[in-house]
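Please go over the structures that come below.
Both complexes shown next keep subunit A, but they swap its partner, so subunit B is in the first and subunit C is in the second.
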Partner chain A sequence: MTRRLFLAFIVLLLLVVGVLPVLSMLVKSLFVEGHFSLVAYGGLLRSARQWTLMGHSMALSSLVTVLTVTAGVPLGILLGKTDLPLRRFFTVLFVIPLLIPPYIVAVSWSDLLGGGGLLAHLAGAEATGAAAGLFFGLPGCVFVLFCVFLPIPILLTMIFLRTIDPGLEEAGRLVAGWGRIVKGITIPLILPGVLLAGMLVFLLSFGEFSVPNFLRYDVFPVESFTQFSAFYNFKAATAAAVPLAAVTFLLLWLESVFLRERTYQLRPSPGAGFSPLIALGAGRRWLLVSVALAGLVIVIVPLVVLVIQSAGAGAYAEALDRAGDSLLRSLAYAVGGATLLTLLGFCTGYLIQTKALPLWRSVDSWTIFLFALPGTVIGIGLISLWNTPRANLVYSTPVIIILGYLAKYTALTSRISVTQLGRIPPSMEEAAEVAGAGWWRRMAFIVAPLARRGLVAGWLVGYIFSLRDTGITMLVYPAGHETLPVRIFTLMANGSAELIAALCMIMIAATLLPAGILWAILEVMTRKAAR
Partner chain B sequence: MQKIALLVGTIGVLGTALLLGGCGRNQGGDRVVVVYVSEDQVFSEPILQDFERETGIKVKAVYDTEEAKSTGAMNRLIAEKENPQADVYWANEPIRAEVLKQKGISTPFVSKQAEDIPPVFKDPDGYWTGFSARARVLVVNKGVQDRPKTILAYTDPHRRGRAVITNPLFGTTTSEIAALFTIWGDEKGREFMSAMKDNDVAVSTNNGESADFVAAGRYDFSLVDSDDAVNRIRQGTPLAMVYPDQGAEGIGCFIVPNAAVLIKGGPHPGTARKLIDFLLTRETERKLAFADCAQIPLHPGVQTPPELKAIKDLKVMQVDYAAVAEKMVAIQPFLKSWMGL
Partner chain C sequence: MKIVELDAVSKAYHTGAALDNVSLEIAAGERIVILGPSGCGKTTILRLIAGFIAPDTGSISLGGELVAKDGSIIKPPGQRNLGMVFQDLALWPHLSVKGNIEFGLKAKGLPADARARRIRQVLDLVGMSDFAGRKPAELSGGQQQRVALARSLALEPRVLLMDEPLSSLDQELNVRLRREILRLQETLGFTLLYVTHDRDEAADIATRVITMSRGKVLAK
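Right, the complex of A and B next:
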């Protein structure tokens, strides 16, 4: 009874935090002066611009998806399944762009390729004019988002490779070479992971606001933000968000039909540690050079550009002077957000894993739907719900930022918890129950300790995504509570390139340092568990 | 165990509530002021920091982003009409201040610091007061021999395809076009816009981009804000700045002052008045003139950098900013269709 009551409370919390804001904005968009009206949506169908935007959004997301999956799956196999040297180093290297706000990558490439960029200084503006022209538009957006989302197919490929029973590949090796085994056994078995990666990349690209906005490519999230922020047309902003929600909903429905059960049961095969590695032989050196070159272009070059750009006299001192308070706030909100995300995600994950309430599947779908929605849409929803004098304890305080984090990112910590809880034999909790332990006691002393790696991983992911959030925070932050990503955005208007680059470097350090420390803790925990 | 969990939970909730309660709407009493700012943060923040240092009053600010086309703060004020969070609005042009007046979001305040600011830059009822202005100027590539001297150069057939203008749906370009409509009348205004389009004018996303295009030689000239021009000239780009329509028959140069606005029902009205007084001082205008934004002081006799003309040396376009604000709303459908939207 305690368990069901508590989990019902969690469901209610999720409703208030994430579902009500979106419903609130939807309902408000359907009424004009107290009467039901579809006028905001009429414009959506009539305007040719909406179809252009849809075309742009689809083109961007499709291209990014195809390119990341095409490059990410082979890279994932190379890093997870072969004897390529420095595999762990490359894995960490390729993950870095995913950890930092996407627009920082765009800023960096703009500093290199833009009209007054480093390349123009070196080779002359005329020689680099074409590159600069291409960068500001679809090609630039595709390239930046490719760099940012490439780790998703790489990581999911590596994770799904670990779920393959090594016996299957061993049997294959008796009659075939690795080429045929990868084609005939490995890839079909990791196909759900590849499809999941493709879907995630598509949804994240579809909802991405900051990069298309920075590179001046009109897509639906930019239109929704502009309608709200530049025209204060709340209803048009909601209408512009509807196609985003519809596409998100459609893809999630497909995922629930074809993939969901497969991803719930995502756990390493018992013999994964003994899975045979593919010997690359004579091609090993060339593949190493190719992977290193890819890492150089995708990760090292943008970082080096930022380092060079920020090397001006006093850039870091000015950056800290101007944004030191924002940095501290960002860290505090990210820590608070990550802690609450971990708790909420753990409880949600427990509900989904144990199926303790009949609503479990809906709860899973809500959280993923909210994750896939653009942050700007969630931000508009939060304002719609909480902007009243009675709710000032939420609206005029950082609570509204934290609520935004919880609404958007609970899916991440929830899915991590589901995977971790799935590895705990139900008999553990059952035995404690038989011995007379109440539910709280079982959770505190059996389930949570056994799931501690998932909790730490969930906290880390929650911290990174809270820290890098721009779309929600930019819309809802109360006066005096702006975060570092928002400060970078506002300073971009006429701020010097040196200052912006220094702020970006500080942002990267604030993300990677704690992430690195926690990663190391996770490694230690993994080794201890292995012993 | 349940009691412990309950205790920990209660302490956590109470602690959070206390922490966040301290951040509520009226927190700080007379030692805090909340300001929403449309002027670029990089220029406005140092002024607000000076105010903090001189008065000990903590400034909490919300800044606009370029992405919101500098109207995000104003729209936030409109959204919060029934639940005001801000005390002061620092608008980067008076049109936004007029919109707030018309929507009943601002309240009058006549500062003694503004007594010698020319009346054309102040609302007659005290709803907003202008200070530190940008001029709308023509930025011309130095390689162009026959430099344009009037905005009518946009319709000159000899300059077909050689001019660029910022998207007229946003920012100071919208304001200037609306101002032209109020002076010329709708018919001549539409003719000018059509002639400009027929003359193959290019459209950029913002004033900075327009100036960069001209500096790179892609176009000969563009109408931009004086700060965009001065900024780039100081960086050594091959640009010249022309104050348009200064001749005897010219309509003058459109001036875009900042505007200080007191918000109705704001949580800290006392500190709000102190901040507005501070923004309207001669010293604030001097600092903004010598900053990279290079804004023209409106108080007479304030020192200016050599690149800037003093306001008394300019032929200023004589406009009623309230009429411009109304016209701006009225011509939005025309401008959208002009843009092909």
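Right, the complex of A and C next:
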């Protein structure tokens, strides 16, 4: 009974945090002066500009999806299934762009290719004019988002490869070479993961607004943000957000129909540790050079550009002077957000894993819907629900930012918990139950300690995504509470290139240093568990 | 005295019926072995008696007290005073041998000195006194088995449920541990309900064998 009551409370909390804001936004968009009206949508549908923006969004997301999946799946196979040297190093390297706000990658490439950029200084403005012209617009957006979201198909390919029973490939090895096996057995087996990766990349690109905004390519999410922040036209902003929600809903519905049963819970195959690696033979050296070159262009070059650009006298001092308070706030909100995300994700994951309430599947679907929903839509939803005099304690304090993190990122921590809890035999909790331990005692002393690696991983992911969040925070931060990503974004309009580069480097350090430490802790825990 | 009583119990999973109208009576002090092939419903009987699942229809009584009936659990597992040794043993890997045994005693609210005394007693009983500080992963298969037994016996259960506990052991160790289980049962006098698919094991342990097939009791 205690368990069911507590989990019902968690469901209620998820409803208030994530579902109610979106519903409130939807309802408010349907009423004008207390009467039902579709006038906001009528305006939206009649506007040729909106259709153009939707076309831009679709083109951008489709191109990014095709390119990331085309490059990410082979890279995932190379890093997860072959004897390529430095596989772990390359895996970590390629993940870095996903950990930082996407616009930082755009800033870096702009510092290199832009009109007054490093390349122009080296080769002359005329020589780089064409590159700069191309970079600001669709090609630049596609390239930057490709770099940022490439880790998604790489990681999902690697994860799905570990779910394959080695016996299936070994049966093929008796009659065929690796090339045929990968094509005919491995890739079809990981196809649900490839499709899931494609869908995630599409949705994340579709909802991304900071990169298109910086690179001056008009897309649909920018419209919603502009209507709210520039014109303070809440009705128009809401109406512009609803199509984004509708596309997200449609794609997730397709995922739930065709993929969910195959991607819901991923467990490594019992024999995954014995899965043979593909020997690359003579091609190993060339593939190593190719992967290293890709890592150089996608990750190292942008970082080096930022280091060079920020090396000017006093850039870091000025950055800390102008944004030191934002940095501290960002760290505090990220730590708070990550801690709450870990707790909420763990409880939600427990509910999904144990199916303790009949609506566990709906809870899973809501959280995923909210994760896939563009941050701007969640931001507008939160404003729609909490911007009332009675809710001032929420709306005018950092609580609204934390609510945004919980709404959007609970899916990540709950999925991590589902996977971790799925590895704990049910008999562990049952043995405690039969010994007379109540639910709280079982959770505190048996389940949580057994899932501690998942809790640490969940906290790490919660911290990274809370820290890098721009879409929600940009819309909801109360006066005097702006975070570092928001501060950088606003300073980009008038700050010097050196200052912005220094701020970006500080942001990267704030993400990667704690991430590196926790990663090391996780490695130690994993090795201890393996002994 | 009847200590376990199943009356017309049926249970179905989404894959089909697991138990079909099963009635069963077990007297205090009996050593019952439920014998049958995989999927015949023998583990379901243990899980119903333990209280992890409720019967769809029918009732279950323990010591004359109704504990589950027609889809609802009246008494949860922790209040049934049962012990259970799981097929995978379910030793908590993050707790020491002592911690594994102490967990249930703490949950029952025993004071520290009583807990220490009880832990010493059961570890002596299973010959594991020197291993109290070890983690389960640091023990051999047979030692883990003894710890699982000690953990269940520490709570002085009226019925000990054992779900194929020796199935993963080699033949020699299997036979040796059977002897120990019998010795403990004779010493402590608890009722034993033991599930297996091994006929030799059944013949060795049981005072009464219940044979099952496809969710039905064939012979009692």
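By our rule, the second predicted complex is superposed on the first by the 531 of 531 C-alpha atoms of A that agree within 3 Å, B and C clash if a C-alpha of one lies under 4 Å from a C-alpha of the other, contacts with A are read in each partner's own complex, and residues count from 1 in each chain.
In this text, contacts are C-beta pairs under 8 Å (C-beta built on N, C-alpha and C of every residue); 3 or more make two chains touch, one makes a residue touch a chain.
Being a predicted model, the structure only gives us computed values, none of them experimental.
Between subunit B and subunit C, it is B that contacts the larger number of residues in subunit A. Shared-chain residue A:430: touches subunit C; no touch with subunit B.
When the two structures are aligned on the shared chain, A:474 is found in touch with subunit B, with no touch to subunit C.
Applying the stated contact rule after C-alpha superposition, one finds that A:179 touches neither subunit B nor subunit C. In the overlay built on the shared chain, the residue A:395 is in contact with subunit B alone; subunit C does not reach it. Judged by the touch definition given at the top, the superposed model places A:358 against neither subunit B nor subunit C.
Touch criterion met: A:438 reaches subunit B and subunit C at once. In the superposition on the C-alpha atoms of chain A, the part of subunit A touched by subunit B in one complex and by subunit C in the other spans residues 438, 441.
Subunit C contributes residues 50-52, 76-80, 82-84, 86-88, 90, 92-94, 103-104, 107-108, 137, 151, 155 to its touches with subunit A in the complex. Subunit A makes touch with subunit B in their complex at residues 2, 47, 49, 115-116, 125, 129, 213, 216, 225-226, 228-232, 234, 322, 383, 387-389, 392-393, 395-399, 438, 440-441, 444, 474, 477-482, 487, 489-496, 499. Partner subunit A is touched in their complex by these residues of subunit B: 1-2, 5, 17, 20-21, 23-25, 34-36, 40-43, 45, 58-72, 74-75, 78-80, 82-83, 85-86, 170, 205, 208, 212, 216, 227, 231, 292-293, 341. Considering their complex, residues 425, 427-428, 430-438, 441, 445-446, 449-450, 452, 531 of subunit A touch subunit C.
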